[in-house]
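In what comes next, chain A is part of two complexes: it sits with chain B in the first one and with chain C in the second one.
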Partner chain A sequence: MSSPSQIANVSSAGSTRKRPGLLSSERVFIFTTLAPAVVLLSIYVFFPILYSAYLSFFKTALFTAKRFSGFDNYVQVFSKTLFWTALGNTLVYTAVSVVLTLALGLLAAVVLNGPIRGRNAYRTILFIPYIIPYAAYALLWYWLFDPRYGLINYLLSFVGIDAIAWLKSKNWVIPAFILMGLWKRLGFTMVLFLAGLQNIPAELHDAATVDGANRWQRFRYVTLPVLAPITLFSAVIALISALQIFVEPLVMTHGGPGDSSQSLGYLIYQQGFVYTNVGQASVTALVLCALTFGFTWLLLRRFDSKDVFG
Partner chain B sequence: MNRFLRSTRLAIVLAGSVSATAALAQQTDVVVWAENGTFLQQSGLIAKFEAENPQYKVQLTEYPWQVAHDKLVAAMAGGQGPDVALGEDQWVAEFAHLDLLAPLDDFKAKQGYKDEDFNPNSWSYFVFQDGKTYAAPSYTEARALFYRKDLFDAAGLTPPKTLDEMLEVGKKLTDGQQHFGLADQSGDLDLHFFSWFLYANGGNVYNDAGSKCTLADPAGVEALSFYKKLYDENVIPKDPAKRVDTAHGFEEGYYAMAESGPWWLGLIPSEAPAINGKWAAVPLPTGKTPITYGHPNSWFVPASGKNKDGGEAFIAFMLEPANGVTWFESWGGLPPAKAAYTQGALKDDPNVQALLKAAQDGTNSVHGVPNGQAITLEIIKMLSAVKDDGTDPTEAATTACSTIDGLLQG
Partner chain C sequence: MTAAADLAMEHGAIRDPAWLVVLRYAVAIVLCLFALVPLYWIVATSLKPTSMIQDWPPSWIPSIVSFENYATAFADLPIARFYLNSAIIALAMVASNVVLCSIAGYTFARKNFRGKNVLFLLIVGSMMVPAAARLIPDYVVTMQLGMLNSYQGIVLPTAVTGFGIFMMRQFFMSLPREIEDAARIDGCSDWGVLFRVVIPMSRSAITSLALFAMAWSIEDVLWPLVVISDAQMRPLQVGITQYLTGEYISWGPLTAVTVLSILPFALVFLLLQRYFIRGLTAGAVKG
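Showing the complex of A and B:
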C-alpha cells in the first residue's frame, strides 16, 4: 500500500514533467481505458444510489416517484421497531462474522502454509464452500440445522449437548447464520492470507531469528505487519459481504422467528417487493449504503494512518 | 416417367420445406414463468402444447416459490414480465391493484368457460374490486389431514372429524419426547395451518368489504387460542428444539398427523416408500363451519407481456381437463375443471376424493385485497408471537390488525 510520503514523492516527481495537453495521447489513453469502468459503475452503482436517494423523498408507485413527501419515509422507517431490530441484527452479525472470519482465516492460512501432509486437499476442502451457490448453501444448512435430523445436533449429542432449535429459536438464529457465513467465507479469506504469507521474504524471518525473536514474536512483529494490506482487503470484503446478509433470512427463516433474523438487506427486499413501498426501501438502502461506506472508510483510515500491527 | 416422378418428389420436398420454414418464421415465443416443483417441463405438457400449437415456442423459466412473487413484481414493474405466469392466489389482487395485470374477461367469454364447470372458488376468486377478472384458476389448493394408520390402529383410535376430536386424539398420541400428535408447520405453511382453524371457526382475516382486519374479533381470537392450545398441550411440540421437518417427522412416526396438500400423495410413495399402506388422508376436521383453508392458484397474463395471445393460448391448453390430469399425475396439483375428476388417476383415488371434498365443502384464503402478500407476512409474525413468545392471542391479533388495517387500504 502506498504511504502518504510515497504518494507525495510521486506527485512532486510528476510536477517536474511537462503537463500533457487535454487531447494528448496519454490522456486519451487514460480516458478511453477508464471509460468502460466509469460507464458501468455509473449505470449499476452511482445512478441507483442517486435514484434511491431521490425516491426516498417521494411517495412511490413501485419504482416511480408519485408525490414529494419530504422526510415522511425517513420518519416512517425510523419510527418502526422492525428497522432497529434489523439494524441491530445486521451489526451484531457483521461484527462477529468479520472478526471470526479474519481470525480463523489467518489461522487456517498459517497452519496450511506449513509442511502439512495433504495440505492442498485441506485448502481445497476449505475453499469449496465459497464457490457453492448461495441458494444451495442455504438449503444445505437448513437441513444441517434440523433439530432432529440435522448433522449439527447429531454431532453435539456426542458431547452431551441437548438438541438446539437453531433456526426456530430467537436466541440461536443469528449464531446459526454466523456459523454458516463463517463456513462460506473462511476459505476465501484463507486463500488471500496464504498469498500474503507466501510473499513474505524469508530474509525477514531469518533476520528476526538472528535477533533472537521466538516463533510468536516473528509472527507478531514480522508476519502480521507485512500482512496488513491483505488484512485490510480481507476485512473490507468480509465487512461488505456480512453487512449485506440476505439469502439466509430469505430462504431459511423469512426473517423469523418473529423478526429475530431480520437484516437490513432482507428488510429492503421486503419493503420494496412485498410491501411495494420503494420509498421506504430506499431509506433503508441508503442506511445500509452509509454503513458500508462508513465502516470501509474507518477501516481504510485505521490501516492507512499508522502501522496497525506495529 | 422417372423424370416426372423425380420432379414431383422434388416439388413435394420443396413445398414441405417452404411451409416448414414459413411456420418457423411465424413461430413466436411464449414466455412462461412457473414455480419449482410444478414439473411443467417434466410432465410433457410443454412439448404437447408446442405440438398442438406450432405457432408458439415456450420459453419456460422456473423460480422457487419463495422468490417468485418478488421476481414478478420487479419484472412486471420494469415492463419485462412474462407472457403468462403461475402464481399464488393473494398475488392476483395485489398485482391488479398495481395495474400490472391484463384482464381475462374477454378470454373467459371467448373460450366459453362457465363457473359451474370448475371447482367452487375458481374464476370468481380472481375478480378484483373493479369487477374485472385478472386470473384463471391453475390448480386447486385443498388440504387434508394425513395420519399414520399404524399408530392410530395401535392406539385403538379413529381419525378425528372435528377440531375438538383432533385435540383429544392428539393428546393421546403424544408422549412429549419421541412422539407428537400433530406436525409443526413453518413459514407460509404455518399461515395455511392457522387459516384452517380460522375459517373453520367462522372467522376471517378481514371483513366482507376487505376494508378492516377482523383477526381480533371473537372468532379470530378463538381460532388463535386453539392454535396456541395445540402447542401448550404439547400436541405439537412446545419446545422449538423438538419441532422437526414435517415430512420426515411423519415418515418416522414422530408426528402421527400432519396437515398437507395433494403433493404429499405423490411425495410419500416416492420419498418414503417404507410407510406405504401405513398412512391415509382424510378431510380436514371441521369446527363451527365446514369451511377450511384452500384456494385456487392462478394463471395470469401480465399487462407488460409481449405475447398476450400466446399467454392466453397456454392457459386454455392447461385448463383442458385431460391436461389437468396429466399435470396432477406429475406432481399432485388438483385440476380446477370438474371434468378432470371423472378420468385417470383422480377418479377412484380415495385420498384425492378427500382433498376434493375439502374444495367442494368450501375454502377460503387471503385474496381479493391489495397487499395480500404483506398481509400474510403479518399473520405469520402473529403466529410466531403466540407460539414462540407465548403472547396472549387477543394481544397478538390486535397487534397484527393494527398493521393489516393499513395494508388493506392499499
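Showing the complex of A and C:
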C-alpha cells in the first residue's frame, strides 16, 4: 500500500546527494526559485507582523510610533471585557465552523466522487459561492437573514418555525455567521477533498472488497487514512480563515447586538481605524496571530506532522 | 456517452444498492440547493424592477423581467473599464502565483539546503497572518513604494502565497521521483526537469491553483478599496461599494454589479473545471 505520505517520505529520503560546489547550478536553481517568494512574503507579510510587534510597545499617532510605552497597550487591551468577549466569540465560531465545514466538505466530496449523473455540474455549483466577492456575500446574507423580509425565515415558515431574529439576536447571530461561512467555503473544502480522493488507487478498494470489507469499513480503513494529509491541510486552511472572521461583523452587525458578534478580526479593525489606536490594534493582531499559530501547531503535532512536513 | 463509460470504468462491475444511489442523489441535491438558492436569489433580484424587490412574500420568479438595474449600473459606473481592470488584476495574480508558487514549491519538495525546514515553516506560517493585521503596514509599504492607485499595488501583496507554495509542494511530493531521475540521466538540467517534465505532469494542480488565484482576485474588496482612490482603476467588485451609502442599500444595482462581477469568472471556471475537478493530484502516475 502506498499512501501519499509514504511516497513523500521515500522521495525526501532519496534526495540526500553529494554536496556540489558553492556556485553550482543547483545552488543557483535553489536561490532563483525561492528568492521571489521570500522577497515578496517578507515585504508584505513578515514585515507587517514585525512592525505590529514594534508598534504594540508604543503610543501611536496615525500609523507611526510616537512614544515608547512599554506594556501599556497590552494592559489596556487585556483589561477590557470587550477583548475577552471577542476572543470567546471567535473561538466558538471557529470550533463549530471548522468541524461543520470539514464534515460537509468530505460528505460532498465522497458523494460527488461516486457514480452520479451530472456530477461536474454539482461540483461547479458548490464551488461558485467561493468566488462571490466578500462585500456582496455579506450583503446578500444580510438580506436573506432579514427577520421580516428575509428568505430564510420565509423558508422556515413552511416547516412551522417562527421567525428568528438572526442578526438582531444575541443567541442567533453567531449561528447565522456559521451558516453563511459554511455556504461560502463548502465548495472549496470539497475541492481539496476531491483531489485527495482521486489519489486513492482503485486497486486498494478492490483488494479490501476481496478481503470482505463492507462499504463502511472500506471508507473507514481505506479512504480515511489515505485522506489524512489532505484532511489536515483542509483543517488548517479552514481554521485560519475561520479565526480571521471579520467581514461579517464589519458589514452586517458592527459587532452587535451588544457585543455578541464581536470578533478579534473586527476588533483589530475598530481599534486601528475607528479609534485610530494602532498600538492597541497591534496587540490584538499579535494575539490573533499567536492563536492561529498555536492552533495550527497543535493540529500538526497531534496528527502526525510527517504527513505534512515530509 | 463517454461520461457514462467513464463511470462504469471507475466502478467496475460492482453495482451499488438502490438505497445508496438514492441517498447519493439526495445529498448532492440538498447540498446544491443550499449553494444555489442564495445565488439564484442574487440573479433573480437583479432582474426585478425596483418596485418589486421588497415584495412580501418574495416572488421566486420575477413576474416582470427587467434590465433596469443593469442599465442603472452601466449608467453609474464605467463597467467596461472595471472589467478591464478586473481582468488585468486576475491575470497578473494568476500568472505570478502559478509561476512563483510552482518553482518554490518544487524546490521545497525536491531540494535540500540549510534552513529549509525553518524557511518552509515560515512560509506556511505566512498563511496565518490575519488580513486585518496586514492591512495597515501593507498600506504603508504600498504608499512608500509609490504604488497606490496601480495594478501592482493591488496584486503584489498576494502575488505569491503560502497557500500556493504549500499546495504545490504537497502535489510535487506525490509525483514519482523516478521520472525526474530518468530525465536527469538523459542530461536534463534542474530547469529542464522542472519545465519539461514536472510542470507538464502537473496540469491539474496548476489549473487548481490558477482558479484559486482567480477567485482570490475577485473575492477581496477591502484591499483594492484601500489602495485605489482613482475611480478609473477600480476592479468591478469594488463597484459594489458605490451602492452602499449609510443605512440605505440599493439592492437592485448592487445585485446587478455582483452578477456582472462573477459572471465572466464563472464562465472561465466552467471552461476549465474539467482540469480543475480532476483534482490536485490526478497528474501523478499511479504508483
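Quick notes
Operating definition for what follows: the second predicted complex is superposed on the first by the 286 of 310 C-alpha atoms of A that agree within 3 Å, B and C clash if a C-alpha of one lies under 4 Å from a C-alpha of the other, contacts with A are read in each partner's own complex, and residues count from 1 in each chain.
One rule holds for everything that comes next: contacts are C-beta pairs under 8 Å (C-beta built on N, C-alpha and C of every residue); 3 or more make two chains touch, one makes a residue touch a chain.
Computed from a predicted model, the values in this text were never measured in an experiment.
Of the two partner chains, chain C is the only one that A:Phe233 touches; chain B does not reach it.
Note on chain A: of its two partners chain C and chain B, the one contacting more of its residues is C. Within the superposed three-chain model, A:Gly258 lies in touch with chain B and out of touch with chain C [touch as defined at top]. Using the contact criterion defined above for the overlaid structures, shared-chain residue A:Ile164 touches chain B, although it does not reach chain C. In the superposition on chain A, A:Glu26 contacts chain C only, with no contact to chain B.
Of the two partner chains, chain B is the only one touched by A:Pro147; chain C is not.
By the touch criterion defined above, A:Val274 reaches chain B but does not reach chain C. In the superposed model, A:Val210 makes contact with neither chain B nor chain C. Shared contact residues of chain A with chain B and chain C: 63, 135, 143, 148-149, 269.
By the touch rule above, chain B contacts chain A in their complex via residues 64, 66-67, 69-70, 73-74, 77-78, 94, 98, 186-187, 239-245, 248-249, 254, 371, 373-374, 377, 380-381, 384-385, 388-389, 407. Within the complex, the chain A residues that touch chain B are 61-63, 135, 143, 146-149, 162-165, 168-170, 250-251, 254, 256-259, 269-270, 273-276. Chain A contributes residues 2, 4, 7-8, 10-12, 14-16, 25-27, 29-30, 32-34, 36-38, 40-41, 43-49, 51-52, 63, 104, 107-108, 111-112, 114-117, 119-120, 122-137, 139-141, 143-144, 148-149, 151, 154, 183, 186-187, 191-192, 194-199, 201-202, 206, 209, 215, 229, 233, 236-237, 240, 243-244, 246-247, 264-266, 268-269, 272, 278, 281-282, 285-286, 288-289, 292-293, 296, 308-310 to its touches with chain C in the complex. Listed in rising order, the residues of chain C touching chain A in the complex are 3, 7-8, 10-12, 14, 16, 20, 24-25, 27-28, 31-32, 34-39, 41-42, 54, 56-58, 100-101, 103-104, 106-107, 109-113, 117, 119-141, 156-160, 162-163, 165-167, 170, 173-174, 176-177, 189-191, 208, 214-215, 218-222, 237, 240-241, 244, 249, 251, 254-255, 257-258, 261-262, 265-266, 269-270, 273-274, 276-282, 284, 286-287.
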